[in-house]
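By letter and in written order, the chains are A, B, C, D, E, F and G; residue numbering begins at 1 in each of them.
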Amino acid sequence: MEGKFAYVTTLLIIIWIALIYSPNITTEAFLEELVAGVIISIGVAAITSKNFEGLGIKYLHPKRIAYFIAFFFVFLKEMVKANLNMARIVLSPKLPVKPGIVEIETDLKLPSAKLFLGNAITLTPGTMTIDYSNNRAYIHWVYVESTEPKKAGEIIKGKFERLLKEVSS
Amino acid sequence: MMLVIIAWIMAILAIVAAIYAIETKDLLSSAIAMGIASLVVSIMFLVLQAPDVAITEASIGAALTMAVFVYAIGKTRRWEE
Amino acid sequence: MVNHPVLLIAIPLLTAFIIPIFKKYGAAIAGGAIAFNMGYAIGMFSHIYSNGKIYETIAGFNPPVGIFLAIDALSALLALIINLFAFINFVAIGKESNYKFSMLYLLAIAGSTGIVITGDIFNMFVFFEITAVASYALIAGKKDKKALEGAIKYMVLGSIASSFILIGIALIYSQLKTLNIYDIAARIASMNANIKWASFAMLLTGIGVEAEIFPLNGWVPAAYQGASEGVASLLSFAPSKAAIYAIARLMLVVFPFHATYEIALWIGVVTLIIGELAAFMQEDVKRMLAYSSIGQMGLILVAFSLASQGLKYALMASLFLIVSHAASKSSLFLLSKSEKMYGMAGKYTGIVSVLSLIGMPPLAGFWGKWYLMLSAMDEKLWYVIILIFFAGIVETAYFARYLHRSIGKDGESSLRYKAAMAAMASFAIIFGLLPLLYKIASLPLWGG
Amino acid sequence: MNSYFVYLILSIIAASIALGTYRLLKGPTASDRAVALDALTNITTALLVLIAVLSSRFIYLDVALVYAILAFVGVIAIARYLEGGL
Amino acid sequence: MNLATLTLPCYITVAALLSIGLYGVISKRNLMKIFISLSIMETGVNLLLITIGYIPGGTAPIENANFAKYVDPLPQALVLTAIVIGLSVTALAIAVLISYYQKNGTLEYKEGMKW
Amino acid sequence: MIEQILDYVGMIFVFIGSLFFLFGTIGLVRMPDLYNRMQASTKTTTLGVLSFLFGIGLMQLQWMIKLLVIALFIVLTAPVGASALARASHNAGIKLWEKSVVDKYEERKK
Amino acid sequence: MRKYAGIAIALLFFAFSISIFIQLIPYDSYEGSDYHYKNPINGGVANESIPTHYIKETKNETGAVNAVTAIVVEYRGFDTLGEVTVLFTAATGVSFLLYQLRKKTQGREANLITKEGSKLVLPFALLTGAYIFIHGHLTPGGGFPGGSVIASGFLLMLLAYPKFFVNEKKLSYMESISGSIFVIIGLLGLLFATAFLQNFIPVGKPGHLFSAGIIPLIYIAIGFKVGSELSSIVQRLKEVGE
């Protein structure tokens, strides 16, 4: 409980600092803002921190943060690549699509990790998470390359799942 | 000048969305179109240098009013006769 | 201590805000607040009666920059009437109601009081909205088909009205860059004529909906018929009176031109004819009373429009008509709880109220019609005199039918209810006999 | 910022808005309209930031901030309505 | 008539939104649609107030050393009030409509419901 | 000097962002069914916004932090809305395009 | 028939409003010489217009940087009290009307992404809402948008979880207490200064968070009030069955 609370509070304080930053802020004003921010963050965290499953303090381990950053960059790369691909599809006169909803499996346990995986899949155009049921995800795919859960999973999840597993294990 | 162009685009979009919101028989689409009209008007507020109003319109007009209408449609009936 | 009229608004609001914490005692707390308001309104009225006007600034800024409350004897009288009848009415119906009803009731009263005492046009709009929203909820609160229909009609027209009032305010502001009623009145002549008349039309349409004038009164019969007795009674003395006062003040004082006077006069005449004729044709008691209210509103508007021409008698007439109508109609609506008028209190209430509305001396309604006739004679407006006689005859006809049909034998109703009903009707007598209203008409009013 | 560049950007955005509006009007289902709403919301957020730059006021970004966090509430409400979860 | 005036498109939008809302209120029979029309009308009124307060070349009335000319802050304050009032009326209207629907099973009003 | 370079780089990003808007909405119009439209539009425009914000941030370096917060919020919220809408539409009975190859979700529901 | 009447009236109204608005376009400044105002109480005339007064004096008189906020909370604070009351009235009315209606049966669950996503977004929405209403006097925003952002955060949870409800009693207490705080601050102004809602604590240094006297206090109260009222309205709507 305490770990989760501290984690959420820290995250919120960081976001708060980013929110209050403005081009010509003085130190004194900044300190005042910080005091208010700490109070508000504690209040918000007290209300919401019980919602987060399994985000204990141990997750602040540097290795995990590094993996998360790696995940982020992989995600960005994939996203740009997929977007360009999508632009190609949209602009080509014949509209080369072969859509369908495929089923893939995932070994991720934590709901939040599943959320991140789903969001990452959704944000890379061409694939979109429709639903989870237990450890299966249903993905809408603009150009279905394989209907086998294993193979489709390899193509869609790519490196995301491995990195997320490192982060969340 | 650029702001004027934005205002014209938004004006046309707002009018189209509003007409559509009135004319469609599907109340859900009507609520969506109303949300878009409200969204667009909030951009016009910002163009007219009224950020306070733009924020309020964005949060109340576009998000909450639309959600409230969708709730109401869910509790009643979706199609106009 | 009685020169802080803002307390008339602040205390009911504070009370309404804290009622949800003390749910059990909601009705009692609300009753206490209304009693306080009544006492304060009486105190304020007597203060103004002897000392002249009260101005109160809000937030300590000088008027056109900040909001201010401006109260002359007329608005103090209206605040007094509203709060007095609100208290009596609440005695009749308050105890059985749940706490949400009391809150809404309190807010409706605070809103109508605010319309009357404020000196700022946008502030008036806000109070209009408080009153209107509370009234919608109160009307719909009976939750049967008729009530909901009435509330929906009122709501649709009320929302259009509020948009139109805002457009009017916006047009005025675009020209004069001020929202203060007195500041506007001082500089209205310098406004671009087209915009002036456009804003006049918008404001008249908007406030006219609340004031039940023709042709914007489509909601009135449905709402009065649908609402429960106490709420119909509330509607007949609080929002409509406040709105007709707002029309008188905005239309006739802020736009002091001959054309506005003519327009108001003709609207009043048409409203009177339509209301009385429609009332004559109704079978349902509440609908009849509602249409009769419309007719009376027309009469009050005629009186106010004549008063705006500086006719002292017409001002007196309008005061008497307002008081008489508030007292009689609210008691008649309370009476309409059952088909028949039971018992002493019922008969007394019914007969006194009806007599006052028809215009029998020495009741308040008589003086209203009498002075209206005198002032019309001064202006040589013969058709107004004919109209008053015509209205009197039609009213006599349908009220005679009403009395004939509904005087009955003893039935059961709580003592409190009967007493409140009778007390309301008594005010038609009291104000008819007291010289109070003559004095008010001779005081400096309208910020002049 | 170069003004010709801004005109270029604005014309592109205007074209996108026109296409989005086409889908909004055409439908055929309410979900399509919701998708159009989503796309228009994203474009709108960008436009808000652009207006902030054109007016050179930092504080206008707060509007975009509120948009970014609230825009999907409407979409989720529609979605929950469509699947009967309201 | 100068097309480059910022207020021109705004005034046109205001007039259009108001008339569209009025048309919806008058000609539609579905109560929900009527309240959607009213909501559109309110949006138009708000835009009118803001447009009236606009000054060419002004910036938002939040003080900043780089600017000298500000738009009129008062209409903005009024519109803040008006927006919230509009939302309140809409919410209450919807509550009434839901009750009406549960009583009547329809949201269309028939000839019996005269104005 | 550096500022100018940043300015030009920012312009490129802004331009790419707005191009993505265009592609997204073209997809919105051209694609055959709801799910493909969603694929094309929602996510492409999301990337468009991100790129747009980043470009603006490069032009106005001091605004960067707040723009990143906005971008973070968009990244958090956009996929959630898209996914919810897709599932809801499927549950509401909106069919896939007739030339779709497979629908495992429909099979599971049966 | 009805439709054509509607079109005719709408077109007439359109023509009317355009013809009025066209005349408004030339009025594009409030600093003209004929916009001076007059004090209705003592008849004194100032040689500036009201908007000019707001622009020039806001910082000295109230300590707020944002003139709109200063007007909303101080100069025209009474309007805002009324506005809060309208919202409160509507919330009361909604719960008054929907109290005894049919309650709803179980709805369908949302998918995992929606559920987890709303959980994840909720703290950010609350933080943003708090940021918006606490900075009312410095940046755009204030109590109303802030409160509605907070309410939208809860709305998200209400949408995603069929069984999620904010505690009714807490909401109603929050509503009552924050509303009373607003009125009580006003009454304290009457007590310690001279007028209702007048500022009675030091103004502080403009531009800082802790400045502008009672403005942040009132905006915090409004933010909580609006947030809890909107949440309770939405919650009531959710409870009702079809």
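In this text, a contact is a pair of C-beta atoms (placed from the backbone, for glycine too) under 8 Å apart; a residue touches a chain by one contact, two chains touch by 3 or more.
All figures in this text were calculated on a predicted structure; none of them were measured in a lab.
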| item | value |
| --- | --- |
| Neighbouring chains shared between chain C and chain F, ordered by label | G |
| Other chains in touch with both chain B and chain D | E, G |
| Relative to chain D, chain with the most remote C-alpha centre | C |
| D-F compared against C-E, more contacting pairs | D-F |
| Cα-centroid distance, chain A relative to chain B, in whole angstrom | 30 |
| Geometric centre distance via CA averages, chain E-chain B, whole Å | 10 |
| Inter-chain centre distance, chain C versus chain D - centres from mean C-alpha coordinates, in Å | 47 |
| Junction residues of chain B, two or more chains touched | 1, 3, 47, 49-52, 54-56, 58-60, 63-64, 67-68, 71-76 |
| Shared-contact residues (touching 2 or more other chains) in chain E | 5, 12, 16, 18, 20-24, 28-29, 48, 52-54, 59-60, 62, 72, 74, 76, 78, 80-81, 83-85, 87-89, 91-92, 94-99 |
| Contacts with 2+ other chains: residues of chain A | 15, 19, 22-23, 118-119, 122, 129-131 |
| Residues of chain G touching chain A in the complex | 111-113, 115-117, 119-120, 122-124, 126-128, 130-131, 134-135, 207-210 |
| Chain E - residues contacting chain G, complex | 5, 7-8, 11-12, 14-16, 18-20, 22-24, 26-29, 48, 52-56, 60-63, 70, 72-74, 76-78, 80-81, 83-85, 87-89, 91-92, 94-96, 98-99, 102 |
| Residue ranges of chain G in contact with chain E within the complex | 2-3, 5-7, 9-11, 13-14, 17-18, 21-22, 24-25, 28-30, 50-51, 54-55, 58-59, 65-68, 70-72, 75-76, 79-80, 82-83, 86-87, 89-91, 93-94, 97-98, 101-102, 138-140, 142, 144, 206, 226, 233, 236-237, 240 |
| Contacting residues of chain F [partner chain A, same complex] | 19-20, 23-24, 26-27, 30-33, 35-36, 38-40, 43-44, 46-47, 62-63, 65-66, 68-69, 75-76, 78-80, 82-83, 86-87, 90, 96-97, 99-106, 108 |
| Sites on chain B touched by chain D in the complex | 1-3, 5-6, 9, 13, 16-17, 20, 26, 28-29, 32-33, 35-36, 39-40, 42-43, 46-47, 49, 51, 54-55, 58-59, 62-64, 66-67, 70-71, 73-75 |
